[in-house]
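Next, two complexes with chain A in common: one pairs it with chain B, the other with chain C.
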Partner chain A sequence: MRRTSTVGLAGVAGVLLLSALVTAQNTAPSTAPRSPWKYYPEDARANVGPGGPAPKRDLGGTWAGESSGAGVKGPVRPEREPPLTPLGKQLWDRNKAESRGVLIADSNDPHLRYCDPFGFPRNMTDQIRAMTITSLPDRVFVLILFQTIWREIWTDGRALPANFAGRGANVHDPTYNGYSVGRWEDDYTFVAETTGMAPETWATEAGHPHSVEARVTERYHRSSKNDLTLTMTMDDPTLYTRPLKLGEIYFRWIPSQTFFNTTCIPSSLQRYLKEMADPAGGASVAR
Partner chain B sequence: MRTLSIVVSVVVLACLTTVTGGAQRRGPEGFIAEGIPRMPNPPGPAPARDLSGVWVGPQDEKNDRVPPMTPAGEAIFKLRKPYGAASRSDVGASNDPFITCDPLGFPRNLIAHAVSGRGRFIFGSAPDRLLIAYEQQRVWREVWMDGRALPKAVDVRGAPESRYYGHSVGRWEDDHTLVIDTTGVDERPWLDEEGHPRSTSARIQERYTRRDQYNLQLTVTIDDPKFYSKPWTFMRGNFYWVMGQDFAETICIPSEGIEYRDSLAKPSGIAIP
Partner chain C sequence: MKPKVLMMAVLIAAFAAIDRPSFAHHGGTAFDITTPVVLKNAVITEFLWINPHPLIKADYKDDKGNVQQWTMELGGLVGAQLIGWTRTSLQPGDVVTLYVWKAKTGALVGRFNKVDFPDGTTMRDSQTGADDGGRSDSGQRN
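And then the complex of A and B:
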């Protein structure tokens, strides 16, 4: 029981978590009383169909992603043959991603090795379990269930910052989640633009690099009450010869609006690496 | 004690925590460092049943002393090695989970404001619930307002799992007072920098009273018979409305925390004077 909420050790924990979800999927719907505090994937899977028209300009609520056990369609993954500039190629080659066949012991993925924050946009494309969206008068909050972290997208008409180097009143520090602004393109499509992401983070699980000037566009399209599609692209001329497709991610409305938290715990990860993953294979870890 | 402990934390955790963002740079329209925004004075009346917006604090903290612990509580407390002045232990020898940036958990996240000495949070809403997003660690909680009862147990068959930030329900006691009850917190995080424990069965109550447009008083009480001899007021303080309504990004980065511990703190045996 505890495993589903707290193990979360990236790739390895992904196996454990997947096991838990598969177990849940293979189990016939229980007749036991339902706790309002628990997430039941079989109930989410039973919520088929569009469920009615999408409400206008409303993304609010809790949404299940691919790794939720709710039977949500798998995403279109980020491009695996990225159109890199020479500098981009250097950084891409430097990033040793487990998903590109590198052993955990040899990976320098800052999340896989330390539970460092994914940062944006990776936190929208990796470990897609669930998210809650809420709107305030001046911003939209995206609350991500994996790592229990949040990001904000300003909707008050402000412009994105453009200067992330040096000193001065108009200079902004790079951040893990970047700086985001958004607007409704039509009644069912919300578009967000983000820049200023800390360049030490990976843009994807596969290790796509990004610069601080990278600009990510998210298009949230709600096609029905139950269906939300997120399409993401990244424009980063320093590292890519054309905009990179980060993928298309599908979400389904969770009727109970309840989900479980999953958190990568740094101290647990360090024990795991020391006792299991590193002795099991690979050379020294390069960071 | 708490003040000194926080000061020490600031010194140590400044090495572990990345604070980014332009909030403090926003100038006269934004937050003013001392925590008291330049806003119309006197403040207007508090709106009814509305805490929405960004708040900063606590200020004017008045907390009770931690009551005597039960033998079970003492047994856990003795195993903990805080790095604060109270214990005179060094950072490298501490087993505070936050040294490696493990989650602070609730309610420690209300008091451990690593760098600024203060924290911010914002209230939002989703179907049937309130959402609270914190500047510290960029974590969030949800507070169910649909009248459900708190879970009677956690981590047993048929029950929900314990969580770092617990399971919470809320209700309006009157137009200006929101009461939140929480239980089912994961036992691994410490209650405070000194290493006091809290159990999954602890009942933690927050009372938010909006006195006026810009002042929000918070009182947090803890009832945890497994580990403590009586309930007590864990914190009592005031939060202020933030004029700029924005956040910095304040996150403890595990790779930096671990590197600091292993390459600097442990070899040097830093002792807190």
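And then the complex of A and C:
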């Protein structure tokens, strides 16, 4: 029995060694000619370790997220058992999300089926590939690769709008990214608050609903030159009995990262659904 | 006997972890990932370099001489580009061997696994272990 165990362990060790050798072989620097316009696997691995202390009050640069190919660790996902009010539960049950076990063919995800914009806060938690942060004296811009989105976070001291209903010139229209203000909490932590997001969007890939009065707090903490953590919560008393944890998203500073074009093209999506996803996910498929 | 059975299970799991894809994104549950279907001498009819996933379309002649028209998807564009794919990696008329995880519906669609070219080179899907920037499995032709 002991011999069997030894043989088995040796087998597992052999498999792991083989895997490690393949990995080592494939991560060797390429000697092929390079184009400055392309982003190569070695670029994604450019920064290893913390890279030194974080600069003060500076989030500027290009950051790689989980889906960037840079080996950034996966995020803490939004709460899967959300603390819903009765209205919140009604909306949550209505949203058929692929990440809750629904096939694309049966989903009503407005982005997945129609190319509708993610909207905020989903665009900060779903498909996190590359993000650039830059600033002007009165605002911070967050540029998101996936779907070619930019957000502006005002830092001039203005208050968030509150009037999203009723009639009159002072009513604020909801927008896909909402209205955002921000401030430095300390030298390494920038906090943004956002409200007024278009309520027809999903707050997350899992289909968490939100109202126009929802208020999202983003906390960007730069712990080193190369590491940034974004923690997000959403306070929406109409739909949730307490603030919802939207998760933690991790980023690595990858200065040479290139912004590939990943815009959702409606005609391409319709072709993908018709010729691929819908035939692959008919109602008869076992879940 | 129990430790032996346990060790066998561990070994099988270890091999399975290496060979099977982990679909991080669209539609992973729709495909039968027990064994890829092998389409020898398939003829590429179209390579669509599109979001959300590039599509390979190919004609394959089965044992009875019937031509099957297949459609299969790669991982996301960014992951594919990062391991060497471009919009011209496959071109109409290319004769290749395709490996594909077929849809459970039985339709001639599936998740692309890899392609073998006549010159002996191979290109892989970004999500068969190569979605992390080529760390674990370079998809470039080798």
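Quick notes on this structure:
What we mean here is this: the second predicted complex is superposed on the first by the 244 of 287 C-alpha atoms of A that agree within 3 Å, B and C clash if a C-alpha of one lies under 4 Å from a C-alpha of the other, contacts with A are read in each partner's own complex, and residues count from 1 in each chain.
One rule holds for everything that comes next: contacts are C-beta pairs under 8 Å (C-beta built on N, C-alpha and C of every residue); 3 or more make two chains touch, one makes a residue touch a chain.
Small disclaimer: the values here were computed from a predicted structure and weren't measured.
Once chain A of one complex is fitted onto chain A of the other, the partner contacts of A:46 are absent, as it touches neither chain B nor chain C. Once chain A of one complex is fitted onto chain A of the other, the partner contacts of A:87 are absent, as it touches neither chain B nor chain C.
Of the two partner chains, neither chain B nor chain C is touched by A:162. Within the superposed three-chain model, A:281 lies in touch with chain C and out of touch with chain B [touch as defined at top]. Look at A:71: by the touch rule set out above, it reaches chain C but stays clear of chain B. Contacts of A:129 after superposition on the shared chain: chain C is touched, whereas chain B is not. When the two structures are aligned on the shared chain, A:263 is found in touch with chain B and with chain C. In the superposition on the C-alpha atoms of chain A, the part of chain A touched by chain B in one complex and by chain C in the other spans residues 1, 4-5, 260, 263, 265, 269, 287.
The part of chain A that touches chain B in the complex is made up of residues 1-2, 4-6, 32-33, 35-38, 60-62, 110, 113-117, 132-134, 136, 138, 141, 143, 148-152, 161, 169, 171-177, 198, 257, 260-261, 263, 265-267, 269-270, 287. Interface residues of chain B facing chain A in the complex, by the touch rule stated above, are 18, 20-22, 25, 27, 52, 97, 100-103, 122, 124-129, 131, 133, 137-140, 142, 144, 148, 151, 155-165, 167, 184, 186, 245, 247, 249, 251, 253-255, 257-258. Residues 3-4, 6-8, 10-11, 14-15, 18, 24, 26-27, 29-31, 48, 50-53, 55, 57, 71-73, 76-79, 81-83, 103-105, 107, 109-110, 126, 131-138 of chain C are the ones that touch chain A when the two sit in their complex.
Across the complex, chain A meets chain C through its residues 1, 4-5, 7-9, 11-12, 15-16, 19, 22-23, 26-27, 39-41, 44-45, 67-71, 98, 101, 103-104, 112, 129, 145, 260, 262-265, 268-269, 271-272, 275-277, 279-282, 284-287.
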